[in-house]
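What follows is a pair of complexes built around subunit A, which joins subunit B in one and subunit C in the other.
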Partner chain A sequence: MSSQPLPRKPTIWETLTNEKNFKWTLLIPLLLLLAIFMLYPLLYSFYFSFHDWGMQGAPTFSGLNNFRQLVNDRGFLLAFGRTLEVLVICIAVEILLGLALAMMWNREFPGQNVVRGLALLPLLVAPLILSLLWNFMMDFDFGMFNQILQAVGLRKVYWWAPKMALYTICAITIWQWLPFSVFVLLAGLKGLPKDVFEAAKVDGARGWYTFRRLTLPMLTPLIMIIIVLRSMWLIRLFDPLFGTTRGGVNTELLDWITYRTAFVMFDIGYGSAMAIVSWAFTMILCMLMFRQLMKALKPKE
Partner chain B sequence: MIKKILFWLVTLLVLFIVIVPLLWIYLTAFKSQTDIFSTNLRSMVIFKPTLQNFRALFGDYPFWPNLLNTAIVSVLGTVVTMAVSLLAAYSFARWNTGGGDLLFMTVSTRMFPMAVAAIPHFIFFKILGLLDTHFGLMLLYVFFNMSFATFLLYGFFNEVPKEVEQAAMIDGYGRMEIFRKIVFPLIKPGLAVTSVFCLIWMWNEFFFAFLFTRSQARTVNVLISSFWGGLQVQYGLMAGGAAITIMPTLLAAWFMQRYIIRGLTFGAVKG
Partner chain C sequence: MRKGFAILVCVLCLVALVASTAAAQAKFGLNDIPTIKNKKALNLIIETGENHTKAIPAIQEFTKKTGVQVNVERVASSGVYGKENVELMAGTGFYDLVYVETAWTTEWSDYLYPLMDLAKKYDPKKEAGLKADLAFMSPSILVCGQAYGQQMVLPFYTFDMVMWIRQDVYDDPTEKANYKAKYGAELKAPTTLDQLHKQAAFFTRKKGDKLKGQVLNHDLYGLSMQAGAYQTNDETSARLWGMGSDWVTVVRDSAGKIKEFVITKANKQALKDAITEYKQDLQWDSPGALTANFDFVVAQMGNGNAIICPTIWANCTTWANGILQEKVPGGKIGMYPTVGGHPYTGAWSYGVSKKTKNPEAAYWLVRWIASYDCAKIVFNDVGLPPGRIDVLEDPEIHKPANYYPLGMVADYHINIWKATAKDVGNYWYFNTKAGGKVYDMQIYAVSKALTGEQTIDQVVAEITRQTLDLTTKFDKKYKIREEK
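Right after this comes the complex of A and B.
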């Protein structure tokens, strides 16, 4: 390193792109957006969760009242429970079916691009359009499903019955999101090192054994990523309800009750408290998983 | 042999389940109101096709302007998101900036209930005059998509070996040059997948468009949802609108499937 004979003041651009600062410079736009769009609503909701406010007049401080009310709110607790139910059902089905289909399609076969292209479709169609469509197809009288059932001689199913509707919501969510698991796992399978599997084959390892001892451990970080991302998105499930039950017939989920409280009933204080609680729950859940994920990703560096 | 039959049986079953709802959109789009509500099984597929739904869409409703709004917002939004996320993801992947916590923060932006986040945004936008503007909606979309985009790109950057960059550094390249000339070309496929994901999700977004746009910047999904009226649902118009709106999506699916299975591993699988 030869030093400059005359040290001059570095320009702003040089300061921003020197070894020490460059990594932070790259983050400036992201951090700016985070501050405006994340920190601000968060602080705002935090503030109002301790107040009573109906969008008119001045907010009055109410201490922990909103949270106290929340703990005893049957509707909220039910929504919370339902959200967890949807979370478990959808993730379990998506991972298991996704793994099965990915294993199945992880080979060369005629028409593979067509098959895969079509299989990806549900993921890309607007959830709102789909929810309107499912509502139409699953109508009791003139819906396509029931007409076919009737034609085959079976009983019509009341898809949106109070006992059934939540599972119908699960089904349409899985229909839309299964391709995500399938394709991520398919990409993972394609990326696995081939030599290890050939060695296992030479050693006479059977299919199931290879799957359990080689494939599954190597896919674990990927499965964890799917679980983290899907949990995050499923807790915030909203669109499938919009065109179908609108939170009725025992399908009110966490985000819908929050939306209803804050946006339809204009109870900003109570809605904010709901938001804070469900946000904290999501954060803690995902943070635990994310830690594990980062650990799983690290040693391979 | 049995294995092969089973393979195709399952594959065809899956495809059938995938295609039927989408086919239903296109069938309904060409049906008249009477055919739509007919309970005769035969008329489900055999009916007299009509263009009346499309004619109404183009004539009586601002379908094209709204579709254009969707296109403007999602294309611009994708460009901006990619610019923001590309830089950030590079920083996270190369220097582990913030020790994983900052990356988690970024990913966690999707964890706050949108319905409540929308209220402060609404007030904020009202003050700045951003309600019902393309720019305002675009900003929101950038924010909501940058978390996933950054996380995806982070995975792609992780797959670029550090040694390549170190070698370039020894050759006297500057930071910017390394990024532009060496790293960027290597993650182009990742860039393609990520931008199409953003594009599609912005194209499909409904909730914020529904709350933040009224007429000037109203997106096509908001128009479609308006056919779901209180008294009656205009399924024909809804299906007609959906049939056109999802077309770019169908094209994207064809394009994406190759890229996804070749690269979407979040950097979690190392060969």
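Right after this comes the complex of A and C.
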């Protein structure tokens, strides 16, 4: 009579790496980090948005008061509207200009590596430093731009005039982030299948038609990715304001008013309510974009 | 006879020597600090900027004497409140010495040791030691650093506002004659708003016009102000206080005890008038003023682009003068009280955090920073005016050769403190626990009116609403209400 060996207990390593658990083994550290650094602050902020708290004593429950106050807060509503404006302007310009530059740089030309290398520079500088530099360059009396304009006999421009300052902020932001769109789209263009374009050429398709019917549809997923990422970053736009207008001259955006309320005036409850609204807005926008991205990625018949 | 005279002279010299030594000893110095057993290092903030860097060696003298390490963190003035507030509220004790704009003293008073308590505990001369040194300081600056009658902080340097004019331009015979011909009055530093406006208009000139008989190669502005979202509230305070008003009225009972805070109709009207006047002034200023901070005003004055700065911190005078001397040969700044004679006042000061791990050393460092020797270095070498009258009265800086600019800066402070002393203690900032929060709120609110983002009426209503809200939330000691 032979005795059957008892099934061996799997080692911890085997348990972690078996087919059933492996995906969780990989995911859990990341989920833990996300829970600690993202979910916990978010829930904490959510909690404070229903309370009054100035960092002194215990928070007092205030129900929906903070949100009610937000709806009637003209400053917040204006900041919200301006953020939308910045979002639309920056993304539209970055995509259109980025596409144009990517198309231009998608061909061989002398000095191409130097041009592409230099174009990356704005992305390598800290946004706060850039905003301080732009502030100096755009000063009305001492700034470089106005000195150049005067040298060629033109009038000085007040780049930070109340009706213009928001567009100046947009220009600084676009200047810094345009290379991101250019290089993402350039990579996309480089990866497009050549045979499709050759076939179109044989069939007599011309430039604009080829661009509209082939290039653009094939780049759409990348464009959607740029829109999603830039939307998230632009809703949080902060640095260009810190070094220039500090939210003055009609440039107060969502992130700035939230920062000012929560960390300058230390009205944590009200600031948290602003942060929650800003977060919800970002989530809704990104979910809508993500659906479009998924649609664009779906293989067509 | 001759021998008797010689003896008399010797005796007099001896008396003078003893008297001067005694006077010198009365002033607290490093040698008065007893041995400190607790050697735990101290952390404090010093503002960024080249001038402030020059003050660091004076602070390091304390380490040499006591053996207590002092770690200095450099923070821009606009970031000080946020950084320290978090540490104080969380009770970390990270900053042993708390750097305080005096308008925040009452707000932070729960987190700071009253200095007399520390003197009682650590000073061999007890409270008398501290009191003796306070006698040399400006009473009005000391009041700004008190909370409910207790001295919480001592001044590092003061930031009273001033009106700058280009004195060389005001003294120029051609300009004087032209002004008299146009307005029928003498050209002298303005003391009324009407004079200020006339002179601002008079000096606003285009490139190609003349100043002091010389053709201008740039536009010239009558005024230079800082209307950006940085510290517009200080300029507004100077206007409000100059009108005899304030942001909020501190109501006291017959015994002088605070009863409540009221935003009266008169307060609101004065605020409306102050902002209206400020906005009107912008027509004679560079468009750049709308995003400007004090560095812009200093640059405008220093480069000869502006003639009058109606409200600027007097501690910027030596800095602006340094640039002016370099850029405009013969240029000279004159210092005068802001219109109404009640400029924004106070001092960047130091207090001792209740959570410090070394209160003894922290107390002595605060004393050293506010001492005669340290203040003299900070004034003479750095140009930052201290809160000490004895340093400002130093005969050396009042000699004709040294009078400009340090003697002038000193005299301005001594005189303005005398003129405003009776009013300072009743200004709302120095009596409320919501001072810091409301201060920052006002910056943005006023700026919005100046840039046209909101109407003046909207801004006055907004400031009223937020002052009520923030004070109710953060000052539980006194009630605030609005007079409808």
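Everything that follows uses one rule, which is that the second predicted complex is superposed on the first by the 290 of 301 C-alpha atoms of A that agree within 3 Å, B and C clash if a C-alpha of one lies under 4 Å from a C-alpha of the other, contacts with A are read in each partner's own complex, and residues count from 1 in each chain.
Simple rule for what comes next: a residue touches a chain if its C-beta (ideal position, glycine included) is under 8 Å from a C-beta of that chain, and two chains touch if they have at least 3 such contacts.
All values reported here derive from a predicted model rather than from experimental measurement.
**Q** Considering only touches as defined above, state whether A:T282 meets subunit B (first), subunit C (second), both or neither.
**A** Only subunit B is touched by A:T282; subunit C is not.
**Q** After superposition on the shared chain, which partner residues are touched by A:F142: those of subunit B (first), subunit C (second), both, or neither?
**A** both
**Q** Which of the two partners, first being subunit B and second being subunit C, lies in contact with A:T244: first, second, both, or neither?
**A** Only subunit C; A:T244 stays clear of subunit B.
**Q** Counting touched residues of subunit A, say whether subunit B or subunit C comes out ahead.
**A** For subunit A, the partner with the higher number of touched residues is B.
**Q** Of the two partner chains, subunit B (first) and subunit C (second), which one does A:I12 touch, if any: first, second, both, or neither?
**A** neither
**Q** With the two structures laid over each other on chain A, which partner does A:F263 touch: subunit B (first), subunit C (second), both, or neither?
**A** After superposing on A, A:F263 lies in contact with both subunit B and subunit C.
**Q** Examine A:G54 and indicate which partner it touches, taking first as subunit B and second as subunit C; both and neither are also allowed.
**A** The answer is second: A:G54 touches subunit C but not subunit B.
**Q** Which partner does A:D255 reach: the first (subunit B), the second (subunit C), both, or neither?
**A** The answer is first: A:D255 touches subunit B but not subunit C.
**Q** By the touch definition above, which subunit A residues appear in both interfaces, subunit B in one complex and subunit C in the other?
**A** The answer is residues 141-142, 263 of subunit A.
**Q** Under the touch definition given earlier, write down the residues of subunit A that touch subunit C in their complex.
**A** 52, 54-56, 74-75, 78, 135, 139-142, 158, 160-162, 165, 244-250, 252, 260, 263-267
**Q** Taking the complex as given, what residues does subunit A use to touch subunit B?
**A** Residue list for subunit A touching subunit B: 17, 19, 22-24, 26-27, 29-30, 33-34, 36-38, 40-42, 44-45, 101, 104-105, 109, 113, 115-122, 124-130, 132-134, 136-137, 141-142, 144, 147-148, 150-151, 175, 183-184, 186-188, 190-194, 218-219, 221-222, 225, 229, 232-233, 235-236, 238-239, 242-243, 254-255, 258-259, 262-263, 268, 271-272, 274-275, 278-279, 282-283, 286-287, 290, 294, 296-297, 300.
**Q** Mind pulling up the subunit C residues that touch subunit A in the complex?
**A** 81-82, 85-86, 89-90, 228-230, 286-288, 290-291, 296, 299-300, 303, 305, 437, 440-441, 444, 447-448, 451-454, 458, 462, 470, 473-474
**Q** Using the touch rule from the top, collect the residues of subunit B that touch subunit A in their complex.
**A** Residues in contact with subunit A: 7, 10-11, 14-15, 17-19, 21-22, 24-25, 28, 36-39, 41, 44, 83-85, 87-88, 90-91, 94-95, 97, 100, 102, 104-121, 124, 139-140, 142-143, 146, 148, 150, 158, 174-176, 200, 203-204, 206-207, 221, 224-225, 228, 233, 235, 238-239, 242, 245-246, 249-250, 252-254, 256-258, 260-271.
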